[in-house]
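The data blocks that follow each hold one structure.
Across the two complexes that follow, chain A remains constant while its partner is chain B and subsequently chain C.
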Partner chain A sequence: MWSSRSHGHRIAALTVIGTAIVLPLVVFVLGPNMPPGKGTPVASSQVTDNTVLLVVMTPFTVFILVYLAYALVAFRAAKGEGLIDGPPTRGHFKAQVAWLATTTAAVLFLAIFGTAELLADNGAGGGGGPNPVAKPSGAVLPVQVIGQQWEFTYRYPTYGGVETASLVLPAGREIAFHVTSLDAVHSFWAYELGVKADANPGVDNVAYVRTKKPSTFQIRCAELCGLWHGYMSDTGRVVSPAAFSTWIAARRRQFAPIMKYLPKYASSYAPDPSYRAG
Partner chain B sequence: MKLRRLIGFNLLTAVVLGIVGFYVGWRLGHLVKAPSLDYFGDTGQNDIALFVAYFTGVIGFLVGLGFANYPIQRILGKPPSLREKETEGIGRYFGLCTDHKVVGIQYLIGIGAFIFIGGLNAMLIRFELLRPTHLAWNGNNYLTLVSIHGTMMMGMMTSGILGPFANYFVPLMIGARRMAFPRIEALTFWLLMAAGAILMTALAFGGFPTGWTGYAPLSEQSNMGMDAYIAFFALVGVSMALLGLNMLATVITMRAPGLSWGRLPIFVWGTVTTSVLMLLAAPVLISTLFMLALDRTAQTSFFNVQAGGSPYLYENLFWMFGHPEVYVLALPGMGIVLELLPVFARKPLWGYRLAVTGMVGIMLLSFLVWQHHLFVSGINGDLRPFYMLSTELISLPTGFIFVCALGTLWAGRIRLTVPMLFALAWIFNFLVGGLSGVFLSDVPSDVTTHGSFFSMAHFHYTIMGGLIFAFFGAVYFWLPKMTGFELNERLGKVHFWVMFIAFNSTFGPLLVIGFLGMPRRVVTYAGYLQGANDWVSVSAFVLGASMLVFLANLIWSQVFVRTPAASNPWGSKSIEFQLPSPVPVHDFDRIPTFGPDPYPYGGVEEGGGYDGRRPAISPARPTA
Partner chain C sequence: MGTKLAVVIAGVLAVAVLIGFYIGLLAGGPTPYRVPTASAGGARSVDLTLETVAAVGSKLSPNKNWVSYLVREHGVWHRSTVWTLPANTLVHVTVYNFDGKSGLRNPFLAQARGVVGGSFAINGKATSSINPDDASHTFAIPSLGVIVPIRGVDDNAPQQCDYAPCPMSNAHETITFTFRTGKAGHYRWQCFVPCAAGFVYGFGGPMQTVGYMDGYVNVV
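Let's turn to the complex of A and B:
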């Protein structure tokens, strides 16, 4: 029989070795491939965030798994042995304090780090309500996202409030998404941009993101909104500023005849009260 | 004699009166000429009639079971019937019975049946997801399957461990012969059965598309199937609140002499903390659903934007219930695991006080975290750091549970019996569930993971990997004590390994699929995710098949083979294993007295978890 002390040393050593093996894999292999990719600064910082979370979790995970595996090997009752009791240990003050201290430190670090990331990234791409605490300092391009059963439409208030069925954004610009809904609760999820904001009727939910180079991104509704929720998806495009100017000018010309039927641009719109559908 | 049992207050009468009550209510409801009905007059929708019908149906069901007998006889000054106190006969299981052991077994079968239906729904959901495009169900049927699966599981599993096992064993563990309110105990069970039947009627009224969360205003648009959801969950809420109240009253007032709070088995602590959550959280649910029902019938506008209401109000109220609710699903599992580990490691529970602190800490913190479900909703954007902190803080008491579990294994003599395998699997699964929860608690990371398959996989790891694994651990551990017949160990091991591997092979990839951008509750998905989804679906079918192994084991060993179980097959020192199998009707001959340690392993103390010098059952007394 090994002494209790040598069991402890073995588990500690295995944990250190395991962490030393897993940690580089997490940082250099898993981390850079974490979602949602590096399409925008917000998305990249989510990747960093996910990597930091993984790094903090790794030693705890390795410890618990090593401990479990070790216990299953070293502390197994022999085959066919009768009911022999283990030692009546009822706790270990130092071990409990050490566990409490490490987990508390990890948790406080995560909460502070998450808060810092949230504020540094102007809400980290998440919907922050009508008046978010952290705002980008420079000029922003407001784009309104209107959820309705079952599609998203987009309005550009700085371009005469024109409403389009597809989302096109200029590259290298700070965008402010103003997300609202006409009926049920939807959620505007632009995966590669790292943006998600619920669309509530009567609410102007703002999320900030800075676009990078021209690319495409997936848009899906991430809040169950009824019958065709599963089909409520779209592909958005980030294009060069020149291409964006051309595109938006073309849309303004195209929709000029019907603009008078559109409600005036507003932060939210009154939903149709008579609607009842599955 | 047998035929006579069919007539009287029993399940048969209850079903008949329930249907009659439903029909009468349906007719009465149509007499109400509410102005709201005119608008929808041509759609055949009549929410008022349906709510009245559910109400009268449940009343009829309960009267048929005999719940009205006692009060009526007392009012009339007649001696109350003793039927609900019968001590033998299979008929006890098909009606109102105040024996806590009968109620425990009723719960096990009744809840088990509804969970099986919920699991079947999951199979149908995964079948649809074999293809990225439409395969078998149309949008409405798919969402109804998703919604009934979620609602059934969340509703029934709240009492999944407290119902069968706490009702059966908590009175034994605290040295009481019954629960504090035996008739309420029976009522909680039969309310759940009525609720389950009501939820199934959603299929007849067009289903409902909202998932288990029932977010308004979608739930206000939806057709009459939504009323089934409201009635189901409200009844579950009533059942939960009563169950919690009953458990608390029992543990507070009926502990045997000498059994102070620090001597309670840890499962009782798990039950107590869960009961507090049930008692405080369920009323929020009931009132929220009442408001939703009023919006749907009486044209109020709590959640109706154009008339001044707010969907945020619904989301807030729902999660004020909903987050304590998920710990209602976690705490009993922790209690079971910490109860099983000492028995199969042959050690006292390591860090008993730390474990209790952990459970109480989870209980308190669970009321302070609910807005982490609303991180991207735009509500209280500046409170997100607080909810991030409180959510991450809850991993501290959860960590206590882990460290107590690990410490109990230290230098033990571990025996890998079937219950122990499930308890160890709980440690692994709940670890994955807890770690994935960290991503969801962190706002920047939650922006991607919120509402995706990641969050779905996360709570399946904690609820299925946690609660259901603990549930099966408890079944293999205690069922022989409850029925008096052994379960087949070989089949049990097959069940465990197939379930454990298939479970991880189902929900592990779902974490990745969520990270890759697949939202929850969708009937179509991006084509490049098909390979992963097919893998998940096949694993899910294997997972479903493992339940058939369990069912086969249950029926084979309990109905056909019927090997009598030993009174203490595991060598446990807990009091219920010092009683014969099955436990006699009167539980103990005399109220036992308890020693200072509920887990006296390690040869420190003679006897059992109770003071063995004064046996609770006289050996000479016939117990059958």
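Let's turn to the complex of A and C:
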């Protein structure tokens, strides 16, 4: 029969060995493939965040699995042995202190790291409300995202306030998404861009992102918003600056007939209640 | 003891039947309508004839006061919003709208998109958009890029229809347009006008229930 000290040492040793094996796999194999990819600096930063979270949780996960496996093997009742109650559990000062210190250090590190990351990359793509704490220093292209049941539409205030049904962005530009809603709460999730910003009625939620090279990205609503929430999706495009100029000019011509009816561009809209809906 | 057990079993069975009946009522969606295909001059096309009404009436729904789309099948109006259409086919749509004006929450949706020629017709007159305040409904299949605003009947128009199916002698607007289905797929369609009377922001009830102002287009 091993002493409880021996069990503790074995579990600790197995945890260290297991962590040493798994951690490089997490850092070099799993980490680079974490979502949402590296479509923008914000998205790349989120990949790093996810990797750091995995690294921190790896030793704890390994410890729990080692403990479980060890208990199944070492504390298994022998064949024919009856049910024997174990010795009464007593406090173990060193173990308690070690556990509290380790978990406290992990939580504090993640709190500080998470706060720093939220401020980095001008808001981490999450939307910082109408007056974000962190803002890019250079020029930005504002694009308004309007959520409604059940479609996103987009306005480009620097191009006459034209509204479009599809989202196209120029490559290599700092974009300021102004996300709002006309009815229920939606969430504008541009997956590969690393942007996920809530769309609330009457609120201008600003999220910054810098586009890189031409690509496509998925757009989803990430807030359960009614019957067709699951269908509230589209594919956005990042195109070259020249292609963007051509595209936006074509949209201005296409939607010229409706422009006279659009409200003046504003940070949010409060449509009059229609007379039936009240 | 035996009597008590029998009562409990009977009670459980009765509750189970009631729950099953309730679920059946909820799950019992509209019957899909396969639109007949015609060929003319080598081009495949179908005619889809719809009606929009302010109140569907007790003959067609237990929710007689709900606003609804209806489809004409073999000359008879049905409350079906699940339609099967052939792929890569021109769909000629006619909507007889007997409902009044509710107004669009987003004026942008008052311009037609995704229709052949970029325009549609109201009572035979071609246009590409309407005043958003005049919208009664929209016909929209967002995934196909199709949206057409449906202009409402004037508030002061005579002989307004109370309950569907509405006779053509009642005040109505006739909207016609054509779109192409493209590749096969399962698409949803919806109305974008907050037209559900009596519901919060006009977007409850018939706007959140397949069979009234929402449905599917199965392109096969």
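Brief remarks on what is shown
The rule we apply is simple: the second predicted complex is superposed on the first by the 268 of 278 C-alpha atoms of A that agree within 3 Å, B and C clash if a C-alpha of one lies under 4 Å from a C-alpha of the other, contacts with A are read in each partner's own complex, and residues count from 1 in each chain.
Please note the rule applied: contacts are C-beta pairs under 8 Å (C-beta built on N, C-alpha and C of every residue); 3 or more make two chains touch, one makes a residue touch a chain.
Because the structure is predicted, anything quoted here is derived from the model rather than measured.
Set side by side, chain B and chain C differ in how many residues of chain A they touch, and the one touching more is B.
By the touch criterion stated above, A:I258 is placed in contact with chain C alone, chain B being left untouched. By the document's definition of touching, both partners, chain B and chain C, reach A:D183.
Contact with chain B, but none with chain C, is seen for A:V107 once the two complexes are overlaid on the shared chain. Touch criterion met: A:E151 reaches chain C, while chain B stays clear of it.
In the superposition on chain A, A:A165 makes contact with chain C only, while chain B stays out of contact range. Residue contacts after overlaying the shared chain place A:G202 against chain B, while chain C stays out of touching range.
In the superposition on chain A, contact of A:E81 is made with chain B only, not with chain C. Shared interface residues of chain A, touching chain B in one complex and chain C in the other, are 183-184, 226-228, 231, 271, 273-278. Contact residues on chain C toward chain A in their complex (touch as defined above): 100-111, 113, 128-129, 131-132, 142-143, 145, 147, 188, 190, 192-197, 199, 201-203, 207-210, 214.
On the side of chain B, the complex with chain A involves touching residues 39-40, 43, 139-140, 142-143, 206, 209-211, 213, 215, 217-218, 221-223, 305-307, 310-312, 315, 345-354, 374-382, 384-385, 388-389, 392-393, 395-396, 399-400, 402-403, 406-407, 409-416, 424, 427-428, 431, 435, 438-439, 442-448, 450-452, 515-517, 519-526, 571, 600-604. Taken in their complex, chain A has these residues touching chain B: 4, 7, 34-36, 42, 45-46, 49-50, 53, 57, 61, 64-65, 67-68, 71-72, 75-77, 81, 83-92, 95-96, 99-100, 103-104, 107, 110-111, 114-115, 117-118, 121, 123-133, 179, 183-185, 187, 189, 191, 194-198, 200-207, 218, 220-231, 233, 270-271, 273-278.
For chain A in complex with chain C, the residues that touch the partner chain are 146, 148-151, 153, 163, 165, 182-184, 226-228, 231, 255, 257-258, 261-263, 271-278.
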